[in-house]
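Residue numbering begins at 1 within each chain, and the chains themselves are lettered A, B and C in the order written.
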Amino acid sequence: MNGYGTALAVCTCGGTLCGRLDVERIVAAPGFASALVIHDLCLPAGSARVASWLRETAADSLVVAACGVPAAVQAVVEVSRAAGVAEHRTSLVDLREGCAWVHTQADQATAKALRMVASAAAGVRESTPPVPDVEVRPSGRVLVVGTGPGSLAAAARLKDLGCEAVLISGTLERFEGQAGEFKARIRTDQGVECHAVGAVIAAGDAPARMPAVQAGQRVAFLLEGDPWPSVTESTLSAALHLARDCGCRVLVLFRDMGVAGRGLEELYREARGSGVTFVRMEEGSLRIVEAGGEWVVTLEVPGLGSVTETVDVLVSGATDALQGTRGLAEVLGVAPRKGGWAPRERALLEPVATERNGVFLIGSARGPYTTDQAVRQGEAAAMAALSVAAPGVIAVSARASVDVERCAFCLTCLRVCPHQAVTTALGQTMRVLPAACQGCGVCAAACPAGAIQITESPNRRLLAEMDALMNGPPLGGRPTVVFACANSAVPALQALGRLRLSYPAQVLVVPVPCLGRLEAVHCVRPLAAGARRVLLCGCYDRSCEHLVGPATARRVVERASALAGTLGLDPGAIHVASLAPVDWHKLGQILGVSCDDGDRNGGEASKVTAHATA
Amino acid sequence: MVGAGPAGLTAAQALAARGIPVLLAEQGPVVGGWAACYACKAATDCNLCGVCLSARVSRTMQPGAGVTLKVDAHVLGIEGGPGSFAVRLAHRPRGVDVSRCTGCGRCAELCPVAAIAQPHPQALPMAYLLDQEACLRARGEECVICREACPFGAVLLDDTPSEELVQADVVVLATGFEPYPAARKGQLGYGRLPGVITTMDLERGLWQHGPEYLSRLLPGSRRVAFVHCVGSRDLAAGRGWCSQVCCPTALRLAGRMVRELPGLEATLFFIDLQRCAPGIARLFDDLPPEIHLVRGIPGDVLSEPGGLLLTFEDVATATRRQELFDLVVLAVGMDSPGAAAGMPAAAEGFLCDLPAGVVAAGACGGPVSIPEAVGEGLRAAGAALRVLESLS
Amino acid sequence: MIVAQQKPLEDIRQMARGFRRLLVLGCGTCTTICFAGGEKEVGLLATSLRSVLGQEIEIEEAVVQRQCEWEFLDQVGEAVGRAEAVLSLGCGVGVQGIGERYPGVVVLPGLNTAFMGLTEAPGIWGERCMACGDCLLHRTGGICPVARCAKSLLNGPCGGVQDGHCEISPENPCAWVLIYDRLMQQGRLEQLEEIIPVRDWKASHSGGPRRIVRPDLREMVEEEV
């Protein structure tokens, strides 16, 4: 019968994989309606050949065993489109970097390849059609919170780019919805305003730092806190102005001069050259006494003995610059704790974005930045906001969805989603907001009813793929199952492949969008099926794009290990490991491979720069 | 778009996402700029060094999706004005056709002198590189092994330099920086004394070799000094700016080193510690006991029988001190590569006062961190869009 | 909601031993929400039982919307028919519901039904109601002294309050301290002066199993018949 069954295409990469794998055996894998060997999937001629073959076989699903380079991924999309096979019914197996290049024994590598192919086939069989795209129609309005230079720059740039900046004077009280269609409630002196906006750019207010000083007075600035660039900027500008233009005698007491901002070192130099006295304080050596409206500042300076100055005005507490934004991050749903003024430390890994799509923090709402930095961030945020808020129609595909018939309304998804992508309202079901969802799968793992499905890998598909991988021709030893986070472990594995560093064929890899996607059952099932070890390899806590992945994984592993113990399986067989995408060495360490290949491959690094700097 | 570092890659993708066709010219063989060869600096947890971000920016770069990527293409000059720029590109011979090479590695397996190889294991594009100087043909031999071996006909043994003129409506310069040439500070011994390296060497060494690099650099030794502000905040060296990234980078590198090599002690010599954001300040507040801080910059590094002798003014105690180290790491600053593509630059060399229709992004305009460079890419994309809109 | 907790795996194994075909049946309402008996827990328990009981047993998995309704239980009739025993991951009501609907099948309780309560925080559930049959929450600031006071005192705390905590279960706050605070917050402290008279506990479980009959609703059903 035509029109059914799964087709298998195996690419040999110009024949180079043939010695490392028994390609004949792989194309003869059981369970496929038809099979084809090609040599150049990623080149136009090769993909054209696969497309015409696929049309002839009239299969309804496709497994391609090739490599993971972008050109191959692209080719699979094009081939399936040309032959009318739905995209969710296709699967690409990274046979090259993930198998042929990393295993030295052809028979074991072939056995693993057969399992990988069978796993992909089991996956497409269990795949479900994606939820239809949702249309988001942003109006081009972007909420700009704050009155500092960053907000003004953002507003101006938004206008240039065809968006409308909604500048508010009041307090943002509530903020809900998803990128492209947020609703904001603002309390002003007159009452309450509501705005529909596509994005929000939140900046702090400009701190007013010019102290009340009369010409000719003696002033001391006390910089006791961290050397924030914003503090240096405001303090030194004031100090310079007072010393140069107002005839004041100005003293700046500091520990570290924070000059990590454009122009700050120059400002520091200018202030020094204009008569401002800078004195570095060391721990515990400062004494300040108030006497008759004056302040006597005594400082122990190493090597110089003690210095005493009497001043009329003492300015301190400079870190207050950050107070203006208290609570803002919390209202926007991006604060690490209640009442938090700042985004998570992880903000250091993004220029302006936050974990919530369409919410951008800049300037003092983000950190202690200078005017120049705030302005640059404002302009960057305007461009970033454009992608979610520009007027028009955006088709968003849902990366996760709730099966309302199974949902028990436990609200767990709403509580655990790190991207504020789940909502519900009076009389409504639970809903994943597609423009907010980043497909991490944290909700799907946490849902006790199995009611949330990740479009790319629904629960049943993931389990079917794992089961098929665990059962198959012998690998020469008990398997180690590696769950690989797409953001860190997958690229690192690919690098191991490109370096041709070999690890045992018993290592079976299951890619996941985030470690937060995993449940105890995913860890215990392979063990029960005979695995020796189960490794959950992902990002570090602070580098996890989905914030909670590694922490969730540790909890899951704790439960799974306890369960393994009760089941008579090895309770010490399940581990979480953290690494960066660029740290294939660490992955090698985890898998027990030495990665230092001398200068064979990496030796090219010097050439890369030599070339670049020539 | 000139330069495919974090800034250029971001700008190119942001413009392409708005439907603007982009030509991204990169003089090197791969994208990513300097940051493509940096190490992860996580100790027990991630130290937020930003390298993950630059990796993501390269990973999500989809050639074809509106961006035409030309590697090995050095931009020589830019003429014209908004709407009618003529950009002169010099193609450097790669010896391999980027559009045909699949990275299969057959050529490298067979080359007798290892003259053809992949750029690095996460390179984009992953097409191989022919080192024409190492190739046997440079010695007059008639070797064609790699060309014959390549199943895809991708080897171009007779690749030669060429020039091309391309048209553009708007130009974004994201040409980046150069690390300060540490050898210029002769008294610090870089390039002269074997135990003296730069933070750039350490970044790349760790990235390429992993922790093994450390044990190789430092067999049996345990005292490491980091000297801050080398080629920054130094008017005598003609560099009056703070490079902003070197304080945190030195600390993160030291943090990773002391974690990887038990028994190792690291001392940071600095003028002011740039704890410039809460997340960075915390790194300095929670120092592991193996990391020591000394305020004061050593004037010179001398090779002594017991190691490398550093002489410095300890500001905290106002004393002159000397200490021996096994390894000295110079935290080099960010320098401008000079006037890129014939564009005007400030006295310090960073780009400024660009002509209409030319926008600068990233480290070519002044020191930035990776996340800031990515933000700069977004900003420049917005500025470029504005120019385009004014044209239509 | 009804809050329950899974029995230790060893206890479940002991109960299930000897049966050759077992249906693990979850409940999609209360016990799903307290993470004791939803689809995921059914799957995990089935995986575990297969692993500890091995080949000797065949295990099926199913979840119904509510085990306390016959119509929902009808939906798994065939699976129940195949099984020698049903391991219920519903509350005690569910276990008995299955037994009443399918008197011929052995029903095993997989959970210990604990109380009626709410989710205090993710992963923490607390008791709130004992179904005493004569609600007095309007007099106690909306906090139930019957369920939340270890001694079910109705007119203020005993003498054993310690730093606001119960002398019998020090991990719990004293219900009467909570009541006091709440009434104070509402400015209704005078409410405490009203003595709650000795209660007739017949409406509670002390009067034996209870039943509610609503003639209006009964007639409606009978009319249809």
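The working rule: a residue touches a chain if its C-beta (ideal position, glycine included) is under 8 Å from a C-beta of that chain, and two chains touch if they have at least 3 such contacts.
Every value quoted in this text rests on a predicted model; they were computed, and no experiment measured them.
Distance from chain A peaks, on a Cα-centroid basis, for C.
Top contact pair of chains, counted by C-beta pairs, is A-B. Between the CA-based centres of chain A and chain C the separation comes to 41 Å, rounded to the whole angstrom.
Separating the centre of chain A from that of chain B, both taken as means of CA atoms, is a distance of 22 Å. Rounded to a whole number, the gap between the C-alpha centres of chain B and chain C is 62 angstrom. Per the touch definition, chain C reaches chain A in the complex via residues 9-10, 28-29, 32-33, 35, 38-41, 43-44, 47-48, 50-52, 63, 119, 122. Interface of chain A with chain C (complex): residues 406, 408-412, 415-416, 447-451, 519-521, 524-525, 528, 563, 566-569. Within the complex formed with chain A, the residues of chain B that make contact are 14, 17-18, 27-30, 36-40, 42, 45-48, 50-53, 55-56, 59, 62-64, 72, 92, 100, 102-106, 114, 117-123, 126, 129, 131, 150-152, 178, 204, 207-213, 233, 240-242, 244, 247, 272-282, 315-319, 366-367, 371-372, 374-376, 378-379, 381-383, 385-386, 389. Those residues of chain A that touch chain B in the shared complex are 13-16, 39-40, 42-43, 67, 69-71, 74, 157, 160-162, 226-229, 256-262, 264-266, 269, 280, 282, 301-304, 342, 345-352, 367-368, 373, 376-377, 379-384, 386-387, 390, 487-488, 491, 494-496, 498-500, 539-543, 578-586, 588-589, 594-596, 600-609, 611-614.
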